[in-house]
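Look for chain A in each of the two complexes below; its partner is chain B in the first and chain C in the second.
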Partner chain A sequence: MAQLGFYYDMTICTSCKVCQIACSDKNDLEVGTLFRKVHNFEGGKFPKPWAYNLSMACNHCAEPKCTKNCPTGALYKREKDGIVMFDEEKCIGCKLCTWSCPYGAPKYIESKGKSGKCNFCVDLIDAGEQPACVDACQMRALEFGDIEELRKKYGNTADIKGLPESGITHPSITITPNKEAMK
Partner chain B sequence: MFAEEWPLMMFTLISQLAIGSFIMLVLIRSMLAKKDALSAQRLTSFGFLAVGPIMALALFFSLFHLGTPMGAYRSILNLSSSWLSREILTAGLFFVLWFATYKAYQKENAGNALGWITSLVGLLTIFSMASIYSSSIRPAWSNAHTFIAFFGATLVLGYAGTMALIGHIVKGQTLSAEAMAALKKVGYAAAVALIIPLIYLPVYFGNLNSGDAAAQASSMLLSGSYLIPLVLRWVLSLIGVMMLINVIVKQSKGAKTLPANSILLAVALILVGEFIGRYVFYASAVSIMIG
Partner chain C sequence: MANLVDKAITHKLSRRSFLGLSAGAVAAVALPGCGLQKVDAEKAAELSQKEGEWITAACWHNCGGRCLNKAYVVDGVVLRQKTDDTHPDSPDFPQQRGCARGRSHRKMVLGADRLKYPMKRKNWEPGGGKKELRGKDEWVRITWDEALDIMASELKRVKEKYGNAGFFAPAGGSGGGMEPQRLLNAYGGCTERWGNVSWGSWPDVYSTVTGLPNNGASSGNDRFRLRDSKLIILWGANPAQSSQGLPTYNYLQAKKAGAKFIVIDPLYTESARTLGDEWIPVRPATDTTLLLGMAHHIITNNLLDQKFLDNCTIGFDADHMPEGADPKENFKDYVLGTYDGTPKTAEWASKICGVSAEIIQKFAQEYATTKPAAIISGGAPARINNGEHLPHAMMTLAYMTGNVGIPGAGVSPNMHNSATNAGPALVQPGGNGIPKVNNPIAQNRINSGEMWDAVLNGQFTESKGKKIDVNIQMIWNWFSHTLNQRAGATRGIEAHKKVEFAVAQNLFLTTDARYSDLVLPVTSQWERLGGLLTGNREILIYHTQVIKPLFEAKSDMWIVTEIAKRLGVDTKIVNPISEEQQLYNAIAGAKVIKADGSDYEKLVTMTAEDIQELGAKGTPQTGRISYQEFKEKGIYQVPRSRGDKLEFTSFEDFLADPVGKKLATPSGKFEIYCDSLSKKIEKIGFSTKSPIPKYDPPLEGYEDGLKDGYNFQIVTIHYYRRSHSTLDNVPWLREAFPQEFWMNASDAANLGIKNNDIVKVTSRHGTVIRPAYVTERIMPGVVALGEGAWVEMDEQAGVDKAGSTGILNGHIATGQGHSGYNSCNVKVEKYDKPLEPDVKWPQRIIF
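This part shows the complex of A and B:
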């Protein structure tokens, strides 16, 4: 199998944040740490205000900076599907991953003295199930799968307003943006 | 910011002080080796001893940055792509080579080769250190400025450290003309190392201003909240280095002794200047990431 990735349909997302909650529940995260976060953007003025949402977790980039910069090899790409994996045993809490990811995906967890991040719910995927966030989304705004297949189906848009340039790490995500979010 | 990053501020500053001092001592020793071997030994032996403990202190401080300090040994497991791994390896190697050099230089007639090799490893440590910051997602760091600032700081701190160490050991003694000439030369080298980052500053601001939103935010911090510390940093560093050079130039024409108080005052100004500079370096770096 090739590279796994996410598809996110901004046009139907209601910012209900159930993806965020399902993720925190699955990963048993303490308050304040989010492996998936729904960002809200707004602007314009009466009579034409606008707002859009953006649900973001780790984008399991094709060329991640976190795995390159991590000094211990705790962050690495899984060969068979390109998931950016995290080995907590190896992590020494140097926080360099948090300086490396343009999407802010790895989080430093003070109470553990180590980092943590989205691992695509690898245990569920390996058991033939879906990641918790995808399963929970009531609007079906999130999908996951072979990123090439997703790009064929939904187009290839990883550059929207509010996100850093995709050329830095080549994220495995494609988005259907609102018109205000288009670059 | 300080509560979070003080271990890294201390590690980078103190390791640059140790490596810079070592390089300056090797320079002085090699300049004096043929003309005045006795002075070469007398001026540098205490300094060569002190570099090791200073470097050890820097490495000790770096542990406080880690959430899991007991795992520090694992930091060298990704040498193939991580500059942090390379930094720790070269810093460790510098420490080992320092010990070998220190032992070898207890003999007056030992050659300078080992000193130069150790200096080179020290410079590789600084290069790796700067590369960690330049490979981050903070535009204020991912810039040639980081390299210029770190190498500049290494030589300027090294000059300050060396003068303090030499000043301590030759208190009240009269130095040879050759020794004074050597101290003058390393002073000019330090002045150049101080001026180059200052000249580069407008280029740095230009790059940030023409960059993305995070780059512009850093530029606004540097010319806004951190303008006074930035100006203070340069004023203190310039006065400190000029004071030291002035003392040496005056003394090499006159009594050829090193006045301990003026040297310590100048060294203190340089240390405070570099400390403020490093604080601003950490405080002004804005990340490009969302939310």
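This part shows the complex of A and C:
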């Protein structure tokens, strides 16, 4: 089975957050719920500060904890491309997924009493398009595709400072990190 | 409702049939004809079965970029947005991708806080009526008839009592030709505002020193020629925030092609982080000393391009002075301190600008020995009081090293829509055909830095030594959010409380509207027929109507036409051409450059059917693309490639033949000694400037702060959350960007301030409170705040909770009458009360 994943070039991301907003637009999210979020990290000492950004959505892990712990099967991996799918009708709002994911990808949505998460814009992908976040990126810092192909092209770095150990769930993401972000 | 996820899995939906609703979405969206309302699950399910349409939606703001924005509309309901996908994306032929603001447009246009009905202040009555309640009075919904009657009667009353000069139309600038101004002009005229706010002190300096009739913003290199640069110095330019869209991506291509980037900025910006090989923090409003210190190093180390100076400039040294000028007043001797006894050494500069002498010398050495090297400035460093020396010194430094007129070199404030893509527009719209209505009392023009004082004190400066009395009793606000966005908002609020009548037409209860007596709801561009938008030189956007007008909102033209009828003003003067005809004129007159760059040709082919579809009169024509293609794509982008005939570098012609192709300056050369600039500034009457660039400490700059006990210099930054003040009210953007107050960690520690503590920031002119962002990314002694937040006064505490920089900036007129937002001193202290994050504030919903 092929596994779809994301590539993110941290070094050129300007934290403009258009990916975050495009995601909220596509998923029609209310304030308080973000399926993709740009995180900011910084350190150093003036005049030598450093900073990096990290745009994160669901990493559609090879071995996701959320699908394992979901009691109703609302979360499951799609066979053909490994997308971690979410069936809202099956969700009972138990929040186990939000506790299971080391990346905090599934969100509990109070107004619905159910969870929600990035589904890789599966409808767009199936229509031959790109996920909204990738299509939106002003710096072309986000890409998506077969994660093995992306790793061949950009290397295999999913372990950076600020993220959990990749061995836990084997996230389908590879990152070009700033040097300060390297573990 | 239908499970869209399942649908997506089991059906391969076609692009057009895809619906952007997430399962179960219940959202505030607009239904045709009935404004904003919740769509329930049943309705959402119904919509999900229907075919929608992608419409090119206006993204019309003064953001410093321009991108393609599209809205997906089903049955009149906007369900989602997207950006440019009209062609495959590549660095050489990139898509025009929008930013977070553009992508959240529907949350603005369809926001619950849209003004829905005309309304008046409860205690308003003709002549004022408890004027002190402006800004806090209750609002009363009224009919359009009542609103228009009030407008007409107040216009008549003020005119009879005070004359036309009693009307103040502060929009000025690019809003000056617009609808209310047309009516006021046709009604006998009004007092106007003048003074550039964006470009700092560049316009008069750039135009007089080079002879080019522009402000320099579109000068420099186009995006391909930038790739020829070996060194790009971003001097107070932060395109990642100030010019979103393509500029930072274009710079990235120059970096990949080998250019080194040095970024001069008090802040370690995202541009510095992603592009910069070196970051040189400098104190605001002192850049001129850094430039002079570099000049000293270049002169004393024989790094001058003497040939360039001799052939292309005047005023550098005593041997090259214009006739009649004092030979001692040359630039070289000023830098060396020959006559004033102060050599402008790196050590001298260091004490003022805060950059070490060693770095100044190294930087000067690198710049002078690298060709081609480009200095690209934003407006920010020159957005300082009496700031004309700064651009002049910057340009002089480039002339000293001969870094002008060769591909990849240059010196200019290449910014805003033209950032990274200098040169003449390759595609441009036609005119709309509306003749201008002249203001019969056009001499009544008040500078931005004096306008509120003029309202309060009844006097303004017309020119050097000439003061004019004026009695303003009506302020008509539209378009440019003047009260919020011009320096001196504290005075502006007082001025609004003084006049007999203030009116605003707007989409929201902005600061302008809040302090008015009468508020008129207008339609957004999404609710109008459509239009053309220009951006970088390679694109022309054709946006069309997305939704029907919301609630009782009307167009500005409808409003002024109805008022004109009541005043007995000829509506044919105010509103001479239909919207349809205007749009046709702009499209039919659109021109695109030929591939060989020799001339322009018509852009759009229009058949008789196309003209009829538009509802206009005209003659069919042949152009490069069909009308239907233009409308469907919503954009025309000029094909470009490296080495094409459309590449651009400023002053190539002049450099090739400095004798035959003289500049349009008195000397025919670049004027390091620029008497016309000096005379121009003197005539304006606010301050003076020597013909050569010198260091003249700006009013409320670094030195004034030290002297008066204000320990911090504040810089006002273009903020990701909004386009100036537009979109500040969008919840998604408030969540993403909290309007934080930047301060250095060591300064914060000294004041006992921790990250996210609420701090009180006080200038000589006003006070704001904000959460502190404690960081190492800003120079000690400097603090920063995004410009454009909507004033939210806590009147009891006397503080603006929103952190509007207009409150902090002084109402000051200097130099060419530009706004000096980045010369301002403040004190900072910990605030003793909490402040809710902006995203949790109630929206300004009146009805």
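One rule holds for everything that comes next: the second predicted complex is superposed on the first by the 182 of 183 C-alpha atoms of A that agree within 3 Å, B and C clash if a C-alpha of one lies under 4 Å from a C-alpha of the other, contacts with A are read in each partner's own complex, and residues count from 1 in each chain.
In this text, a residue touches a chain if its C-beta (ideal position, glycine included) is under 8 Å from a C-beta of that chain, and two chains touch if they have at least 3 such contacts.
Note that the coordinates shown come from a computational prediction; the quantities given were computed from them, not determined experimentally.
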{"item": "Chain C versus chain B on the shared chain A, clash or fit after superposition", "value": "fit"}
{"item": "Chain B versus chain C as contact partner of A:Val31, first or second or both or neither", "value": "second"}
{"item": "Which superposed partner A:Cys101 touches (first chain B, second chain C, both, neither)", "value": "first"}
{"item": "Partner chain in contact with A:Pro47 - chain B first, chain C second, else both or neither", "value": "second"}
{"item": "Contacts of A:Ile92 with chain B and chain C, given as first, second, both or neither", "value": "first"}
{"item": "Touching partner for A:Ala2 - first (chain B), second (chain C), both, neither", "value": "neither"}
{"item": "Touching partner for A:Gly162 - first (chain B), second (chain C), both, neither", "value": "first"}
{"item": "In the superposition, chain B vs chain C on chain A residues touched", "value": "C"}
{"item": "First, second, both or neither for A:Lys112, with chain B first and chain C second", "value": "both"}
{"item": "Partner chain in contact with A:Met182 - chain B first, chain C second, else both or neither", "value": "neither"}
{"item": "Chain A-centred angle between chain C and chain B, computed on Cα centres after superposition, in steps of 10 °", "value": "130"}
{"item": "Chain C versus chain B - closest C-alpha approach in the superposed model, Å", "value": "13"}
{"item": "Touching both chain C and chain B, counted on chain A across the two superposed complexes", "value": "112"}
{"item": "Complex contact set, residues of chain C against chain A", "value": "3-9, 12-15, 18, 20-27, 79-83, 85, 89, 97-100, 103-104, 106, 240-241, 244-246, 248-249, 252, 268, 270-271, 273-274, 279, 281, 720, 731-737, 744-746, 775-780, 839"}
{"item": "Residues of chain A defined as touching chain B within the complex", "value": "37, 39, 54, 56, 65, 67-73, 90-96, 99-104, 108, 110, 112-114, 162-164, 168"}
{"item": "Complex contact set, residues of chain A against chain C", "value": "11-18, 20-22, 24-32, 34, 38, 42-47, 49, 51-52, 78, 85-89, 111-112, 116, 119, 122-124, 126-129, 132, 135-140"}
{"item": "Residues of chain B defined as touching chain A within the complex", "value": "65-69, 71-72, 74-78, 81-85, 88, 132, 135-138, 212, 287-291"}
